[in-house]
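In the two complexes that follow, subunit A is the common piece, with subunit B as its partner first and subunit C second.
Right after this comes the complex of A and B.
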């Protein structure tokens, strides 16, 4: 890659950042995300998986917040604060990886459906539409129940049921890019399918993909917590399994508000941060939205 | 004279509609066929011996297992099993539940009424509230009303359905602090359900919290869709014309902008029915609402794979049918699509 390209790219990133900074909500979301991710990554330096061990709870059972346990304890006397901290690792990991899987499937099939007109494109489109209609949560539940609820299966279950909207988006964008004259020039110079899709289409859809992935992480985290709450995930502590525990142990009727409120607020905060960030990215990167916002 | 002209104009339209309907029906049939095939292979993915998985936790002798295998046709080859499965499904034979020892179809029949009552009520409320609020918000984008509405929908979008349900359960059913528990925590009616009007009230009281949860979660989407749809209309020439004619702002909104914005929105509402179904499963599980969603949830908890397979088939097929219906109705209502 030549030097000129790099200078141009660095400038483009600089312009993008200057634009993104003007979206206050997006910046707030980004800061919250950075804090959440750093905390999750640093957790093993301070605590380990033993905080989720049922027999090693030190506090009283279902105790309200106190100086010892700032966010109260659960049914086995485990600290809710420490469990939230440790559980954030599972919730975020599943959110990121499921979104990544969904994006990879969606991008590959979306570009293929847009690039190969004719029969292949039609078949891919048909399959995409079929997946789009399926009730995704119900399908993910069935997949997770059949494959068993390990972290990997939950990721697969979410990824396999959430890619169709990305594929539609990427397909539309691919069609738009391939209508441009420089693709024709490229073809005339003898470019093959691989060259066109990876060198011309992919860089052009990448910005949209970034925005869409950010939003996808948000919905993957919600889906993970729902799957865990409905009981198809293994016993690994996540925010969703904690809420499952609060339901199983009757925290609502016992008035143990901290046990229900804290994990839920964590989910809402992180999901909202991803959504704000994703929406800001979309406004900055999607030319159609940009012109409308300035008009 | 006029009739001849009308006929000339109508015939191609009617033919187009018929052909459109036929294409859509064909597409729906193909989708349903794909669901049946996918379900067959999905449930063959079960790790290990399916009979053992189906009979999980029950003591069975090897002879019983063999008998069970023969009864389910599992001793045959995969293609034979497949044909058998397709044949049974087409005859609406969804097998027998292990948990209840009764035909899955009977179980579904008992539960479907409750689900239709709950989701139907929630859908009507969510659609009317979402469309009304979305239309007002989109009419004056950037206004205080718009900002509040967008913020509400953003928050509701981020709140997991089940957590909202848990909160409502904690505050309004169990009661917290000075607030007494005013609504029941579970079920669709009391054990000693009174007859007549009092009975209807009893069911209504049980329905408040689940319905509220479902409405809150789905209405945010409708609001956002309607809002952007109205914003699209605001810039159109006919709105300017209506203004130039001196119509009142409210009249322009109600009689000109909203009807035009309504069409794409209503279609989208029905296109996203799958999302509502997912919400219904969660809500029914939390509030023990005795509907299809709870049946599906119980099948997953046990796990009872025949019941799971049957409810999954029914749910997906109904969602596909709803979508097709929405497509055709849209085509029928919108002249712009029809002429294209």
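Right after this comes the complex of A and C.
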């Protein structure tokens, strides 16, 4: 990569940031996300997995919020605050990795389906359609049940059921890009499939992809929580397994609102932050939603 | 140098109808020669240009470069790309809006792994008349004027040091003042680098200004070809006469009647006879509507495919 390219990249990033800053909701989402991620990353410096250990619960059972346990305790006397903090690691990790996996599958298949118009494209498209009509939650449940409960299998189960909409989106964008005359020029210059897809198509779909990944993380976190609530989890504390616990131990009838509300609110807040961020990214990066002349 | 022999290109349309976009063409472009391919829209001239570039495969017939038939294997095609390059009509569309001028021009050298990329790019930009080249490196297409964009496209082609340039309506989307500049650039490139060019256009004035030879295309065939002066001053084919008669300076204009040509239904006999003003005036011969005409050979002398031509 030449020097000249880097100068352009830096300018593009500067311009992007200037645009993004004008979206207040996006900035709020980004700040919430940054706080959540930094807290999750720093958690091991202050606490460890023992906060989720049932025998090490020190407080009273289902104790309401107090000075000792600011967000109350659960059925085993564990601090809800510390569990939320530790559980954020699992929830965010699964959210990010599952979204990443789904994006990679979706992008590769989407570009391939759009670029190879002939039989290959048709086959990929049919497979995508087939996955699209599969009820993804049920499929993920079945997959996770078959593969066994570990963080990796949950990620795979979410990842392989959520890619089709991305593939569709990317395929549509690929078709639009490949109809442009500069693709014809590139072909005449001698470009092969690899050059066309990585130099022209991928950079053009990348902004869409970034926005869509951000939104996908939100939905992966929700799916993870849903799976956990339905009993499919990695046996690690996450926000979803906490909700499941609150249900199992009758937190609602016991009046332990903190046990239900706190994980629920955490999920809502983080998912909303991702969505705000993703929508702002979409507006900034999607040329069609932009009013400026250059895309 | 670049030659098409008995070239046919067909597309299958809806309902299994076959469109014969190029229907038997012999055409050659010699070294250092500028040939204009003239015809109305839809006559197959762009398809012919794309086929000459190897972007479209002929249904039958062949393209040869320097006497060797073009092979469609990846390696041979790549080598061919360094020799024959393309300039498209719309310079805005033919540049990726996300790429700077530098990257647009460097694309060819990168694909072919040429050494010393920056020098090649600077040289190509300078030859295309963008001086000093360094000033343009960081510009984006939308920051340039139409003429500058077309120069960037030409520089992108020149970066590969081609022998033949195929220009599809190179100035159709530029304003008149810029047109002259781009045309004189093409002429200068011919003089300096010995570049051959096939200029596809619907503009006879353009052909007159830059071409050594003109080939007039109608509905997939070349109906008249020869040295520019001969063809444009003394047109033999009624179609060429009609095209020339609608130029502003022409005294009496011939307006063609009949349906616009449809490449899925090419008329029997002479393909032009349903719209021919001579046939309409009752001067037609019986073979006009019955006997198919011979395909014109690829010679450089003036020739015409018409039963009614006087010479």
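Observations, loosely collected:
As a working rule, the second predicted complex is superposed on the first by the 290 of 295 C-alpha atoms of A that agree within 3 Å, B and C clash if a C-alpha of one lies under 4 Å from a C-alpha of the other, contacts with A are read in each partner's own complex, and residues count from 1 in each chain.
In this text, a contact is a pair of C-beta atoms (placed from the backbone, for glycine too) under 8 Å apart; a residue touches a chain by one contact, two chains touch by 3 or more.
As the structure is a prediction and not an experimental result, all values here were calculated from the model.
Model built by superposing both complexes on subunit A: subunit B and subunit C fit together without a clash.
Contacts of A:36 after superposition: neither subunit B nor subunit C is touched.
In the superposed model, A:203 lies in contact with subunit C only, and not with subunit B.
Counting the residues of subunit A touched by each of subunit B and subunit C gives the higher count for B. Of the two partner chains, subunit B is the only one that A:222 touches; subunit C does not reach it. When both complexes are overlaid on chain A, the residue A:51 reaches neither subunit B nor subunit C.
If you stand at the C-alpha centre of subunit A, subunit B and subunit C are 90 degrees apart, rounded to the nearest 10.
Closest CA pair between subunit B and subunit C after superposition: 13 Å apart.
Note for the complex: subunit A touches subunit B at residues 126, 130, 133-139, 141-143, 145-148, 218, 222, 225-226, 229-232, 243, 246-247, 251-255, 257, 260-261, 264, 267-268, 271-272, 275-276. Of all residues in subunit B, only 30-31, 34-35, 42-43, 45-47, 154-155, 157-163, 166-167, 169-170, 173-174, 176, 185, 274-275, 277-279, 281-282, 285-286, 296-297, 300-301, 303, 305, 308, 312, 315-316, 319-320, 323 touch subunit A in the complex they form.
The touching residues of subunit C, when paired with subunit A in their complex, are 53, 55, 74, 77-78, 81-82, 85-86, 88-90, 93-98, 100, 102-103, 106-108, 111-112, 117-118, 137-138, 140, 142, 153, 156-157, 160.
Looking at the complex, you find that subunit A touches subunit C at residues 2, 4-5, 7-8, 180-182, 184-192, 195, 199-200, 203-204, 293-295.
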